[in-house]
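Order of writing sets the labels: A, B, C, D, E, F, G, H, I, J, K and L. Residues in every chain begin at 1.
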Amino acid sequence: MKILVLNGPNLNLLGEREPEIYGKDSFEELGRKIEGWAKELGMVVDIRQSNHEGDLVDAIQEARTWASGIVLNAGALTHSSYALRDVIAAVKIPVVEVHLSNVFAREEFRKRSIISPVCIGQISGFGHLSYHLALQALRELGLRRLTVV
Amino acid sequence: MKILVLNGPNLNLLGEREPEIYGKDSFEELGRKIEGWAKELGMVVDIRQSNHEGDLVDAIQEARTWASGIVLNAGALTHSSYALRDVIAAVKIPVVEVHLSNVFAREEFRKRSIISPVCIGQISGFGHLSYHLALQALRELGLRRLTVV
Amino acid sequence: MKILVLNGPNLNLLGEREPEIYGKDSFEELGRKIEGWAKELGMVVDIRQSNHEGDLVDAIQEARTWASGIVLNAGALTHSSYALRDVIAAVKIPVVEVHLSNVFAREEFRKRSIISPVCIGQISGFGHLSYHLALQALRELGLRRLTVV
Amino acid sequence: MKILVLNGPNLNLLGEREPEIYGKDSFEELGRKIEGWAKELGMVVDIRQSNHEGDLVDAIQEARTWASGIVLNAGALTHSSYALRDVIAAVKIPVVEVHLSNVFAREEFRKRSIISPVCIGQISGFGHLSYHLALQALRELGLRRLTVV
Amino acid sequence: MKILVLNGPNLNLLGEREPEIYGKDSFEELGRKIEGWAKELGMVVDIRQSNHEGDLVDAIQEARTWASGIVLNAGALTHSSYALRDVIAAVKIPVVEVHLSNVFAREEFRKRSIISPVCIGQISGFGHLSYHLALQALRELGLRRLTVV
Amino acid sequence: MKILVLNGPNLNLLGEREPEIYGKDSFEELGRKIEGWAKELGMVVDIRQSNHEGDLVDAIQEARTWASGIVLNAGALTHSSYALRDVIAAVKIPVVEVHLSNVFAREEFRKRSIISPVCIGQISGFGHLSYHLALQALRELGLRRLTVV
Amino acid sequence: MKILVLNGPNLNLLGEREPEIYGKDSFEELGRKIEGWAKELGMVVDIRQSNHEGDLVDAIQEARTWASGIVLNAGALTHSSYALRDVIAAVKIPVVEVHLSNVFAREEFRKRSIISPVCIGQISGFGHLSYHLALQALRELGLRRLTVV
Amino acid sequence: MKILVLNGPNLNLLGEREPEIYGKDSFEELGRKIEGWAKELGMVVDIRQSNHEGDLVDAIQEARTWASGIVLNAGALTHSSYALRDVIAAVKIPVVEVHLSNVFAREEFRKRSIISPVCIGQISGFGHLSYHLALQALRELGLRRLTVV
Amino acid sequence: MKILVLNGPNLNLLGEREPEIYGKDSFEELGRKIEGWAKELGMVVDIRQSNHEGDLVDAIQEARTWASGIVLNAGALTHSSYALRDVIAAVKIPVVEVHLSNVFAREEFRKRSIISPVCIGQISGFGHLSYHLALQALRELGLRRLTVV
Amino acid sequence: MKILVLNGPNLNLLGEREPEIYGKDSFEELGRKIEGWAKELGMVVDIRQSNHEGDLVDAIQEARTWASGIVLNAGALTHSSYALRDVIAAVKIPVVEVHLSNVFAREEFRKRSIISPVCIGQISGFGHLSYHLALQALRELGLRRLTVV
Amino acid sequence: MKILVLNGPNLNLLGEREPEIYGKDSFEELGRKIEGWAKELGMVVDIRQSNHEGDLVDAIQEARTWASGIVLNAGALTHSSYALRDVIAAVKIPVVEVHLSNVFAREEFRKRSIISPVCIGQISGFGHLSYHLALQALRELGLRRLTVV
Amino acid sequence: MKILVLNGPNLNLLGEREPEIYGKDSFEELGRKIEGWAKELGMVVDIRQSNHEGDLVDAIQEARTWASGIVLNAGALTHSSYALRDVIAAVKIPVVEVHLSNVFAREEFRKRSIISPVCIGQISGFGHLSYHLALQALRELGLRRLTVV
């Protein structure tokens, strides 16, 4: 079970950027945690980050040939990218939307996610743990098809 | 570690109500699953359901004396109840908002949650599994205080 | 053919409350009229009123086991209750929305009904007569399934 | 008791136009039904249809000299015609607004009726039956003046 | 100097329709007054009324061959007719928009005039006198081209 | 002179809930203060609190038989309950709306009160003192009918 | 018959300010024209201008003791001054709102007049002539009370 | 292959009306061009124009018995006519919406087309050529059913 | 304890202006009442009124050197003056916002107060009594610092 | 006559992505069709696709040195990219906006095109044929300058 | 080169008013700095402040006879004064809009400037330095006419 | 003191693109000017331009290791890029937002800047000079920390 863990703009600044919101661990440390969780769950993860919307679209397009699930933290593009929305709707792979912070407790513009309607579910507000829960969700979904939409 | 699992209007109709959206299992079957998951995680759960907003507010008020966490599926009250918002902000217990369906892929009014800004996080779209993930989140939070908001 | 005639907040004040809008007859007198009309139409009615949203939801849930139709005057909850909307969508029984007054000729907020999209039809503006017409509609629908939505 | 039954744009296509919404009977068949109901109620009806807003306004103006009530299905003009609103407000005859389908369960623009505030009441969602109920309402109103607005 | 005095829907009901707003004089009496005022001002008027938007558009199109000015009371079409707006912009003749009542002191929808931006000016609120002032304005404009837009 | 002092959701948590906004005194202590003030003003108060909208509506309905005034702090229901609005409009007793905090200096949704248009006046921002001022207002109104609305 | 002709901010710049919109004549020249027209109509005018909202309010308050009508060009304050609205509603004198330019053919904000609902009528778009028509309107109104609002 | 080429209000003024936007050729010249293009494509066209919304609705209703396609330039009715929308949805014939000018580069109200959702496609901004392209589109669609919606 | 009682536009017309809303007593009579109440409370009041926004700002600026509280009825400026908002936020003196009428029961624009968020509290709807309650509030606040915001 | 045919995000997934909307042919097959049509029209086309907004801007910038026209299907960027709008306005080459599907019959956000006001025209809803019509439009425009905007 | 440096409401409170936002220096100290900067740039400045909108309008009107540029900090009037907008558009002198604080990082209402569209440019967020930059901008503009708008 | 001067989409077209708005000098000529100004101010500048949002985000991320200030003209991305907003908030370097034209005097969408709230200040409308003023601002800020936000 291979999973693409895809991260959008500025997530590579983790640990450095507004640590009171996003935590003190670096993006590399988060990556190691994710790999550990994946291993426990019997999954293989490919973790990527880009500040370019086009790279994220490319990555999702390419993932349709090998991935059985995607964990997507689109960062600020969550709120503006119809191209991401379209590519998620276009590929057949389940995509779980994650956010480190509780986006509903912040600025008004962060409350609107353009990609939510085409993802299978959302997990937000649990810091690094959000990724762990997303992997668990995908694994459960992989073992038995979700009977409830 | 004692957890209140609180359910709002019409969740007692699970299995019967729009099964293509909410699944075929009854509310009792969901309850048994939740109890099983809780046991595995070393938690004790108190599962309740009411169609009355006031009952939900009462339950959260009372839970502040014994619960270390709340899993809340407020149902339709998610979109209209400022009283729920106020009681969540008033008590000190972490509350995880859950939804069975992907509320962002449905009617417009379901996209706005009045309680999201005062919960610590949201999990939606994974059917019964949403409750499982919420319990896991609370347990992790209980073991070590989340460093990332 | 058993029908639930369900009334929301403040309808028990009929005759006393703003009689220039709602008429001079008391709620009990309206009840007797409804029972008379039902009898003529060969129907049995169970008339209830509550100021509690939860009670109305409970009543509709319970009615799914015995009623073949519901006449619903949700009063002020017409404009705010997503829980009522959900329970109407959840049960299989046809629900006719009625209003004593022409709600479109009054305050702006009364023009928006949250429950209209899930009822089968609306009758408003005819005073007590609105209930009579609703009963006739349900009886016709009971005799032959409506071919036109 | 003479009643004008006035129909707006495209109602002459009944039976042919989107039959899953508007039913399979033709406009002529609906006309015959209406005449039958009127007869039973001791009423005389004049049934008209036009695709021209001006014709409908003319018809209502002219009806003020002979009709004791109007049943109006303004079709798409319901949502755009201030001229119809003005003529209804100008004449003294009670006008009942009817719709075959539940207009609140369809496109957003169909939820706003420009004429509702000046009609005495609305009946929508009961297919052909909507006209029957409207005739009954007018007859009851004719026999005794409605004490409740 | 020939002037078209064009009147929209329901103005033919003057005197009969809501006399507390529109006055007690009939449309014919208003017409005689307008002819009297025109005579005093050395103008010839052609007074028309229709409940059909298309007739008003036709009349303005045709007037471009003979009229040196138009006094237009578009009635309810003031608030909905882009076709009237387009024809006013298309012809070269100055059009003065008039209203009997103060449209800004009535329902919200009457505050928005679709045709105002393409007329040369507006006169509203002076009852029959609005037409007199409009004729005077056109005459002054005819004698010397307005130096101020 | 008997006064109903009615309190909505979560006011029973006073002293415990966000004390920087609502103060450190408990609801019971506030109650004792109110009773003291009432005594000084020669009034008898009945102080109630409920988290249920229906209970508040019931209480106001019942008060119409014995109370000469109502002091109402509807809490979060201030911003969502049309049922409260309707019952205030239905009973003949003057209702004074009070708030402990300055609701206009807080979240956007707290700026809109659904009940304000049907109360006789509002007092907000003075903490416990808001209740004292409300009692004084009702007493003055009781002694001589207010000549100014 | 004494008339206050009151002018708001920047009207003293007439002739100099955007002459393609407001004309080439100075405010003094406009004043002389107005005095000429008044004389012909048997009226006495007091023409004033101020850039201060408070001065305009003062002037209208004071005019209630001597003027039988007011011609008001409030300039930019038309779109923002509730104080002007209140004073017009407070005094008993008829106020005619005038504008030199067609305010509906310009920027969006100029389309909303705060004072229109409390004036008796509006005249806009006729340059200096707007004042002439306003004086004529007031004179007619003075001779015989307008039977039509 | 017979095609109805239907034109709305003011298109008969082509060549005369705002020629910098709509071109210098008259409506008759455009008609001759369209007939020429149709001939080349092996089509027969029936070209009509009316300033009456009702006429356009009538024409589309009638065309359902003989036309295999409709080219519709609804003019200003594009932005206001729900009756046109309904008749297009009611008939089975493919309708191509055309505009001479780029409606998106003009006034705000021209950006919203009420009929677009029920047409099969839109062509706008190419002057007379828009009609030529529309005929080509219908012919291609006639030869082989479009595989892409 | 010295208090500035500051009144905005048109309050000097009290007794004369819309007496059914604002009462029959003149501004001078209200002044005498306020002085009487102040005396009873051991306060000294300086009562001022101006129709000029700038005067009100000047008065509040100057009051910061001598007043221990301000009672402010800003009249129509309540709804438009950001300058008043800024000066209230700039000075350290507590300001109580008062209104004679229940502003929430009147025109829509009166429901929005620009100054509310920077005042300590609001009292509205009690006629002259509103000033009395405001003085009492300031006195209580002066005796002991309010523990509840 | 050289034409740039530029395609935005996800158009390379044609045939695979939601074929019921976008058709079964692959992007390569569409390319071959376009080349065939171009050949017939005596045109040379350069067909490009990118998921990167910056690439599309670069391509249009570069095209200003060699292309005599652009056919642009900006995909999801149609609805969000002001950079594309600016570059189209900056270059002198005519740009035709095309869409495979009828974007007005889909989600609300697809109805707003940011680039429409700066393109010369739009063609949408004809599947692959949309490109053919766009090429024809550009060729006609190349042969003789469009006399109608 | 003579420059008017004009300041609106409450800027005279500088140093005292919210010093964490507006700095600790008094308005007089700011004035001395501005005079120093002007001297270095070979300019003469006339620095004024008023809390009256009318005074600011008067000052700009008068400046048209002697000033070659205006630096305008309109304070709170920035967000509400159409009269200031009109006078800036009326005079020929370039006006630079300045703000001490970053108005876009504060309350929502401070983000909308009514005067921005008629000023030549804006400088905000640099504290006292904003005035220095504005003077430099005007001097550069004075030496050579800006070639870029 | 090293400064990043970062330019967004289409700024490389300067001199060629809409020269009446953006001036006739090329981007290279602007670059030379900026370098000259920097030299005079004792600064070193690194001038970059890209049409790719991701490149701009990358550049700002990288600049946090070497730059003491950023001058940012984000071009069209000013109005749509939350990713730019996030990276500006994430790095510690002061960012000055500049625009060549007065963005408030152009299309509506240009009035909303997504990045303004996280920049320290804005300078717009002075053509090339905007960059000069921004450099001066950063230098002053570098010499002494701004005491006023």
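Going forward, a contact is a pair of C-beta atoms (placed from the backbone, for glycine too) under 8 Å apart; a residue touches a chain by one contact, two chains touch by 3 or more.
Owing to the predicted nature of the structure, the values given are computational and were not obtained by experimental measurement.
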Touching both chain H and chain K (chains): none
Option in H-J, B-C or E-G whose residue-number contact pairs overlap A-L by over half: B-C
Magnitude of the superposing rotation for chain E and chain F (Cα, nearest 5°): 120
Chain centre separation (chain A, chain F; CA means) in Å: 48
Whole-Å gap separating chain C and chain F, where each centre is the average of the chain's CA atoms: 32
Centre distance in Å when chain C and chain D are each reduced to the mean of their C-alpha atoms: 23
Sequence positions of chain F contacting 2 or more other chains: 52-55, 80
Interchain contacts (touch definition) - all pairs: A-B, A-J, A-L, B-C, B-F, C-D, C-F, D-E, D-H, E-G, E-H, F-I, G-I, G-K, H-J, I-K, J-L, K-L
List of chain J residues in touch with chain H within their complex: 20-25, 100-102, 104-105, 111, 113, 116-130, 132-133, 136-137, 140-141, 146-149
In the complex, chain A residues that touch chain L: 8-10, 12-13, 16-18, 50-55, 75-77, 79-80, 109
Residues of chain L defined as touching chain A within the complex: 52-55, 57-58, 61, 80-83, 85-87, 89-90, 114
